[in-house]
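You will see chain A twice below: alongside chain B first, and alongside chain C after that.
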Partner chain A sequence: MNVTSPTDAVHGQGGSASSRLTGSRRGFSVRSLLPLALVAPALAMVLLLFIYPLGYSLISAFTLPEGGLGLGNFAKALELYSRDMVFTLVIVSVSTVLIGLVAILIGGYLLLGEQRWAVRILSVLYRWPLFIPFIVAAQCMRTFLAKNGLMNNTLTELGLIEAINTTSFLDWRGIIITFVWKQAPFVTLLVAGAMAALDRATVEAARGLGAGRLRVLVQIVVPQVMPTLVVGLILSFVTMMSVLSVPMMISGGHPTMMTVDMAFRINAYGDYGTANALGFFSYLMTGAVAWIYLRRGIDKEGAK
Partner chain B sequence: MTVRLRGIQVESLSKSWGNTQAVKDVTFSVESGQFLVLLGPSGCGKSTTLRMIAGLEPVSGGSIHIGGNDVTHAPPARRGLSMVFQSYALFPHLNVAENILFGLKVRKVGRAERDERLKRVADMTGLSELLARKPAQLSGGQRQRVALARAIIAEHPVCLMDEPLSNLDAKLRHEMRVEIRALQQRLGMTVIYVTHDQVEAMSMADKVVLMRHGRIEQQGSPEEMYARPDTVFTATFLGTPPMNLIELADGAGGAVIKGMTDASVVAAGQGDGRLLGVRPEHVVLLDEGGLTARAESADYHGADTVVTALLGSQRINLRVPGRFALEQGAELRLGWRAEDVHFFDFESGRRCEQDALPRVA
Partner chain C sequence: MNASERFFRAVETTGAWLLALLWIAPLLYAFWAAFHPSEYAVRFVLTAPLTLDNFVRAWDFAPFARYFLNTFILVTSILAAQLVLCTLAAYAFARFEFPGREIAFLLVLVQLMIVPEILIVENYGTMARLGLVDSILGIGLPYMASAFAIFLLRQTFKTIPRELEEAARIEGCGRLGVLWRVYVPLSKPTYVAFGLVSVSHHWNNFLWPLIITNSVETRPLTVGLAIFGAPESGVDWSMISAGTLMAVAPLLLAFLIFQRQFVQSFMHAGLK
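This part shows the complex of A and B:
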């Protein structure tokens, strides 16, 4: 699907352009081949590096260990890892929602904040995690969130909690915190850009009509940057679905995320069938999200 | 206690960003129910002044009173005014009705009253059929009406408008000018209206404040400003084509027109360093006498023709009714009435009192 639509579009354009130029639809002219020549290398790369492995792993998912086609791998994946699938979906969904909230709050403060210096500092600081790889982020979080990590030590020092009562956050909470810390800046970057491009007068008009800053953010600014926000969140959702290092380092035991299970099936048993079946499920999840987004876009077009 | 409890008083208002001073020591007042136009060329500080009155821009100095209250540092919503932006600033994701009602919802006005007010305002602005549309589905003029409706539904006594008509074509502009003025008078609103278009200023204003480089050049009723400009800038900014300014020189028996060989005296007293100003519609063609000029070109406008002629080496425009059959290089005899003549100092650009000689008429 990814591959056919762009080529269709390019081919269609090329065809009609050349027929306009030559005044005829018969035969190949060099001109009508040119678009194809331009697209061919990219197309070949997509086929070679994406479609082929994807098709291969799909086939592998449906291939039974003892040979022949069947749903055995899926049954096994569901039996062993259905809990992890739910765990993964919940973690990534919760993270996505939190990322959205953080991005709106930071972007909103950058747009509407009245303390100039605070706005300036925040606009520099929030981007930092963008430049840190997931695995480093996970390592930082490990030292920060552990039972005797920086966070608990600080809280104890401050007398906010007793040393005995500290708990490790290195479980689902740690994964969510890491994901949000790492991905929120990315979505904020997109959202803040979209907010900066808004007609500022709409904000001023709303304030002039008596709306407070929170209302302006929720009712005027966010609806206008919604398309950008949704794109950012979907990209984050897909990214988080595929991150291995974070769940591996922060909470590798049960329950854990599907990426860890896949790595385990392959490394421990060479069981590509079940790993690919798990991969197929995660593809369904991201596919569902993408579908929701696309449908929303079509509805909007229809409304216009 | 002062008696000026209503209206708007702006005193010694100034605004600077770093080293650029956009507004300097601006003082004016608007009476309740008056229509004041802030006029001036691009970049002279009109919008900045208006935005400070609206509370969208903090002031660097001076004070603002609205309805007797000091609102210099009050937030926009506390000033009891509404604003129409040049870009209209409609909320693109809300339909026309939601746009108009936004302010009332914020202020928690009850549903029944909201609906009633919406109906009234929509009728008034001719938007009744369009309430369900999004701004993107409206024409420029319709968007302008929505912006206007959103401002007047608040029923604030004061409305600020920043070049609200500049995105419209000439015909629509004329219609909207009349409509806005009618609406303002019907509702008794106090309006401060920003424009760089002197025609708008002349036709709509009760009072004009003309700005230049962040300062007030002159203020007064349109008639006063037109009839008695204090400076060369005011004289040439108001009126199309602008007032003729003719350089004078000292001659035998008084001031003569600089560079004219058959120098007839046009004014008593000094001529060097002085400018004589006369509006094109005040220059008349004479059968005999007057000053001799050479016809150069004619610009036909329908109702009248603007003829350009050379008075010695200086250009002068005159307005002649109907169509003027121009014979290039033909000799014209020009004159004007003494009371239609203005004098300015060349250096300072300021008005000076001098007697025009009546015999020129």
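This part shows the complex of A and C:
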């Protein structure tokens, strides 16, 4: 990682006033302590409320109910919940891909759309779910997507389907719809911001040369906003992995997501070992995704 | 405009309308159910009478004023602490060399990879030992040293030209003065973008407040909403929708008023 050198950072003013002030022992001492003092409060909180509990939960995951260390909790978690782990990964991955597509489509339309009023309406409407809590989004969706919910009732009253043929979407489809509806505005906001900050000349040039809007979007706009899109998608992936209310309220049955299983192990059995083992698998999934982002950032800094 | 162009324009218009309607449908539904009597909650009848009765019943059903106050104290205290702690840490990571910097930054980055909700059990134990269970400080404490904010601000601070810092130093600014007078003002879009994300996240947070609170005096809105229960348990959807709208109204209103600033902040924050 290319980091700021100490001389750049602290004496970086070259022959400036600051470097003339650095001669005394007292000045050196204060300068050495200042960054530590700046970092200390935040670092203390990270250590106390994050690193310590993380370490403790890992130890708990490796601690067997009868005492001693072992992989018993992991074996139990895999035996009971391996299907839910795959289900979680698939649900969150599919949602992430769909969120990316929706964000590109909406962002692209806002940039390249030719119907001004349609652009204006879409630009106002797409952001609204950003401010809806997951629990409220789940509540809205539960009453909207149910077999006798507003969506089916409206379609029935419009004569588009028979009442007997209505189906509930309160299963894996409901979870994905809710995740996409709730998270896409956040990613779209980032992507649309990045698109609006692009140099319009490249877009206009491509349009002038006869490229269609879809081609401009795919070949010129998306590659330039890809770093922002990836950040938004990774943050959404990690967020969705931790949501309990949506899978619990939308889809009560099995398979379900790992957060529901963790809550169940704790509430029903006080089984912290298995819950922490499930948490460990969750760390692996989010950690792997976040690592891609961090590596990319570190590589970029290195390149500079 | 030829026939083909007219056709594609019509398709585009229809598509944009359809997407906009689909997007807003669940929220429109909440509005519909909240402003109409219960018997029209899942029936779309244009002539259905309007009513505010659902809001009155929802307000009487739960101490919303207290929940609003708790939520407001919670999100503002978290944001204030995050801005102070993370600004100081980000400045140190961006502009100073000190022993253990790489390890300290790595510890912060680990936090970015793992959501705090996964550590609920252990954090509950820590809060119990600190005597902070069922307190607003107990809800907010795990989020105050935000890795996202430290990382975001560090990236922003690194883009600020050193010449500006040098000029301020020549003018007699101390290091904290440089931070306050140069780095913070130039990073305003990042602060606004982060503030928006932080407030909406903590306004909407549910799981940790549900676990750590057990009284009306500390419960935020989302946990208060949970007491409305499930639709199949006999509570009507109209009242749930009214409660839901009351809970999200402040954020939606703030967004409608400040949306231009919000969007421009995200544009300039350069989150990547």
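Note that in this section the second predicted complex is superposed on the first by the 264 of 304 C-alpha atoms of A that agree within 3 Å, B and C clash if a C-alpha of one lies under 4 Å from a C-alpha of the other, contacts with A are read in each partner's own complex, and residues count from 1 in each chain.
Throughout what follows, a residue touches a chain if its C-beta (ideal position, glycine included) is under 8 Å from a C-beta of that chain, and two chains touch if they have at least 3 such contacts.
Bear in mind the structure is a predicted one, so any value in this text is a computation, not a measurement.
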Clash or fit (per the criteria above) of chain B with chain C on chain A: fit
Which of chain B and chain C A:201 touches, first, second, both or neither: first
Of chain C and chain B, partner touching more chain A residues: C
Contacts of A:211 with chain B and chain C, given as first, second, both or neither: first
First (chain B), second (chain C), both or neither touched by A:141: second
After fitting on chain A: smallest Cα gap, chain B-chain C, Å: 8
Of all residues in chain A, those that touch chain C in their complex: 1, 3-6, 8-10, 12-14, 16-18, 32, 34-36, 38-39, 41-43, 45-54, 56-57, 60, 105-106, 109, 113-115, 118-119, 121-122, 124-137, 139-144, 148-151, 153-154, 157, 181, 186, 189-190, 192-194, 196-197, 227-228, 231-232, 235, 238-239, 241-242, 244-245, 249, 259, 266, 272, 275-276, 279, 282-283, 286-287, 290-291, 294
List of chain C residues in touch with chain A within their complex: 9, 12-13, 16-17, 19-20, 23-27, 29-30, 32-33, 41-44, 85-86, 88-89, 91-98, 101-102, 104, 107-119, 121-123, 125-126, 141-142, 144-145, 147-148, 150, 158, 162, 165-166, 169-170, 172, 175, 197, 200, 203-207, 222, 225-226, 230-231, 237, 240-241, 244, 247-248, 251-252, 255, 259, 263, 266-272
Residues of chain A touching chain B in the complex: 199, 201-202, 204-211, 215, 220, 223-224, 304
Touching residues (chain side chain B, partner chain A) in the complex: 54-56, 75-77, 81-83, 85-93, 102-103, 106-107, 136, 150, 154
